[in-house]
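Chain naming follows the written order as A, B, C and D, and within any one chain the residues start at number 1.
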Amino acid sequence: MENLVIQTEKLSEWVNEIIKKNKVFAPVKETDFSNFKIVNDYSEIDLSFLLPMVPAKKILFKQTETLFLFTPGSKGEVKSKEISDEKLVIFSIRSCDAKTFSILDPVFLGDYVDPFYKKRRENSILIGLSCNKPNVNCFCTSFGDSPASRDYVDILLTDLDGKYLVEIVTERGKKFIDDYKKFFASASKEDLESKEKVEKLAIEGITRKMKLEGVSEKLGKMFEHPIWYENAMKCIGCGTCTFVCPTCHCFDMQDESTLREGARIRVWDSCMYPEYTHHASGHNPRPARMNRVRNRIYHKFSYYPTNENIVGCTGCGRCIDYCSVNIDIIDIINEVGEAKL
Amino acid sequence: MTKSSDSKISIQNPYEPWLAEVEKITKEVGGARAIKTYKLVLQDEDAKKNFNFIPGQCVMISIFGKGESMFAISSSSTQKDYIEVSVMKHGKTTTALHEIEEGDIVGLRGPYGNNFDVKGWEGKNIVLIGGGIGQAPLRSVLNYILDNREKYGTLDVVYGARTSKDICFKEEFTELEKRDDVSVHLSIDVEEEGWEKYVGFVPNNLMEVKPSSENAIAITCGPPIMIEYVIQNLLKLGFNEKQIFTTLEMRMKCGIGICGRCNIGNLYVCKDGPVFSYEQLKGLQGDM
Amino acid sequence: MMIQEQKGEFEPNIIGFLCNWCSYAGADLAGTSRIQYPPNIRIIKVMCSGRVNPMFVVNALQQGADGVLIGGCHPGDCHYQSGNYLARRRMAVLKVLLEQLGIEPDRVKMTWVSAAEGKKFAQVIEEVTRDIKKLGPMKKIRRDNEW
Amino acid sequence: MVDQKQLIKTAKEIVSREDVKYIVGYKQGTYGFVTSPAFAYTPEDVESFIYNPLCKKNLAVYPILEEKLPLKRGEEEDKRKIGLVVKGCDSRALVQIIQEKGLVREDLVIIGIPCKGVIDLKKIEKRFPNQTEVVDVEENDNSEYIIKIGDTVHTIPKEELLSEVCKSCEFPNPPLYDFLMGEEVEVREKEVYSGLRGLDETPIEERWAYWEKHFQNCIRCYACREACPLCYCKTCMADMLDPQWIRRSVNLSENTAWNIMRAFHLAGRCISCGECESVCPANIPLMELNKKLEKDVKEMFKYTAGLDTEEKTLFGTFNPDDPNEFIM
């Protein structure tokens, strides 16, 4: 659409201007990592970390969400939960995290529409930031994406050392940026070329590759393959991989109440816990770690492609980064690809 | 409460239940694994008018403050004013359900899932094979067929429970046995004084009954191990894969295919199930 | 349910877990002897002070208590031989943990009151109420119950 | 330095035994500095075993993770032993579990490693970011780590990369083992755990501010619980529904309650392996809670966890002369 530039020193002014009208989520430095938080001033933002610990899915699909309110007991009443209409801006979202939403859309906006996700999706502007320096376990290129991809965001920023290239990708992005015209100048041809250079360098920085050809079909024939036992033996079932995964969307629903009032809430859950599928009768369809590890991989690389025609993984590499026993999804999928049947 | 009523999906918040009054509670079985049947009437008139289901479908019932669980509807869809569910006391929500009284309010949302193709089966002979609380979804089919008796062929009901005290819907079975257009074959697992009918497991009783597979549909529901053996025996009796149906259960939370836990392979039991033909089941790769 | 914080002086909510055999009987005696003590304590009877799971204390603090008192039999007098000794160990450790977290350990109090010590019971309650009043309301880990 | 050849030889002998199911050791990870637990069922599998200062993972979790699934008809329970490679702290974890009757000594074959301390993965990854190629690390006699990356050899003082818990470790030698790899290491006077230094001077309000910040980041993934060899309850109190001890919603109040519960349940049981802290995705300094309890329990009750399989547990016993000052 339109390409603009903003000087780096102007960036803070622009963002502070955005903060005045919108609820802005941006990476904020915690002890040794960053996390998406609501920011009230540009100075709170820290762009030095590549990926925040918890992916941006937590903004549209909150870890704890109130579904509705009720009066507890046997004479119960129900009260709807109002969904806030505020405008959201997710600032400095990486392309892998932005892709999350195109993977989660069929889930939350499918046969049954999740009103919470829908409202926030409609109300949010994604301002992306190209990765100049990918991490060890980044592998978005394996899905044909790029660390400077314009595909999933409304506006894409690219750090060109001294200034940022601002690419406007969608109509919504254009409408959004129109309010802030004064901060930008038009981008020159050189700017676009430097972006290409940045992108090329970043792509070269991605050293790990997941080979995906035919994996989905092959998984269909590998349900009982020993590879699942081998990997599950290591697994300690901590569930961190699912919490930091941008596409994991499983949740638990629970009633919380005092004596007088209460609410049904939903919280993120993890398929790596045995309680997740445990029936009240005592039967558990996924009793062993093997079943659970297999289900996680199958959900992303077999069930998602079958149901929604998209691989349920964005290549952010968080599950590899945070796994304490080195269960490496790239290795597993590559092994699947190489396995002889 | 406002709920738009044109279709099941367009309701504003799919997690928010309607209120339903418990009009009648029938004690089916006592003891530690007690079973009660609840007659529920939706309070919202619009919701009540638009609540349409087909046997085999399920509803989510909540006790506010305790939790929510999925139950098969055990009444027939020919009955429009209320729905019935039969619940065995087992976990947190069902225990809470067993403590409520007539006139109390519960939350209800649904109907969810697919259904038995009762329309498509018209003209066929029907064999229902149930065990324990597994009779609940079958009761819905049974009553539907009884209400449209002339449209179907022969009707065999095979049912078994652990002891004679554990038999669900006992009075209804007694009534049923009096009819000449239904053959009822009851069984209990272990011998008991005063029991003159079959003693043994349901799959064995089925082999005694030997229903003909010709132009027939067999529907089974019960404990997983029973389903497994019933299907084996049905195949022995000449039923093919397309003639055998069962309904499955899984731990569920949302009921609408989002929360992710009830999948068998790529299918969600809540949305794509709970009714599966043996043909589908055989092709399914997943943890059950 | 809970005493509301009134405009004037802060009135703490204190939860007391009292053992059936000694402290509760002591409280009873204080009542029947018409000894006055502050109304801030809400008593929950437990069979033994050893029954008090540290999570009882944490849950009480979460749900609006400003202080928690655990009452048991005097050492050696426990109806179950050693429940109070075990409780003492646990509470000592819990207090250390709370202190490390920056939650005033003085919010958790423990006392031995026998069935004959109605007067002591009243004194203890007075003392506890005074101490907790000084600490002010416990807001650190309170549930907000806003859904 | 542990002799890798000796380790492999011993492990091969063990895994060849009829009565051993498998042996758990370490192998090279798939990238950078990570190592991975390795399960060897045959002597050939043992070939991949390594041991270097990057082998931090506490393998004592694995025997308790062993699943006892319902047996199929005609199937017999596999009662063979499990072999384990353990460091000082890992071995203490086993002692503690055996003491609590969570494991049976006879079910284990233990290869003990006298440990000179292990590297904190977060520290080394910060020092050498974006390391994809697998790296070999050794320790020399000068308390330095020799790190070979490509053709470059880095020599780094041990102090800079050593895990915080190792700096104050009092028991580097495994108290329980069947085979010991090499000589026991000498135990010198240890410094106080760094997280506790200056604690007494920190005002209580500041302490809470510190923990508040950390607990707000907790995502309640319970990785701390699952990684801990001593968190092996069949049903964790956090997972119970009736009564529900802590709500599942993620907020400061419930997160704090969870962390109090976790820390309390490890009082007198924690053996300071630091697993909880190193797996925490939110970097919550959990060892500052565990270490404080360890220290105070030792002072108050003269009790140290994980040294003697016959000893009674901290909360299962008492002494009439226990501290009494706080009783009103």
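We adopt the following convention: a contact is a pair of C-beta atoms (placed from the backbone, for glycine too) under 8 Å apart; a residue touches a chain by one contact, two chains touch by 3 or more.
The structure presented is a predicted model; accordingly, all values stated were derived computationally and were not measured.
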| item | value |
| --- | --- |
| Touching both chain B and chain D (chains) | A |
| Which of A-C and C-D has more C-beta pairs touching across its chains | C-D |
| Inter-centroid spacing, chain C versus chain A (mean Cα positions, whole Å) | 46 |
| Length of the line joining the C-alpha centres of chain C and chain D, rounded to whole Å | 36 |
| Centroid distance [mean C-alpha coordinates] between chain B and chain A, Å | 39 |
| Computed distance of Cα centres, chain C from chain B, in Å | 51 |
| Set of chain A residues in contact with two or more other chains | 81, 252, 254, 256, 262, 265 |
| Per-residue multi-chain contacts in chain B, two or more chains | 67, 92 |
| Junction residues of chain C, two or more chains touched | none |
| Partner chain D, residues of chain C touching it in the complex | 54-55, 58-59, 62, 75-76, 82, 85-86, 88-104, 109-112, 124, 127-128, 140-144 |
| Complex contacts: residues of chain A adjacent to chain B | 67-68, 70-78, 80-81, 107-108, 110-115, 220, 223, 249-255, 257, 262, 264, 266, 269, 271, 276-281, 283, 285-286, 291, 295, 298-299, 302-303, 306-307 |
| For the chain A and chain D complex, residues of the former touching the latter | 30-33, 35, 53-54, 63-64, 133-137, 205, 207-208, 230, 233-234, 236-240, 242-244, 252, 254, 256, 265, 267-268, 270, 273, 275, 287-289, 320, 322, 324-326, 328, 330-331 |
| Complex interface listing, chain D residues touching chain C | 199, 204-212, 237, 245-247, 251-254, 256-257, 259-261, 263-264, 267-268, 288-289, 292-293, 296-297, 300-301, 314-315, 318-320, 322-324, 326-328 |
| Complex contacts: residues of chain C adjacent to chain A | 1, 145, 147 |
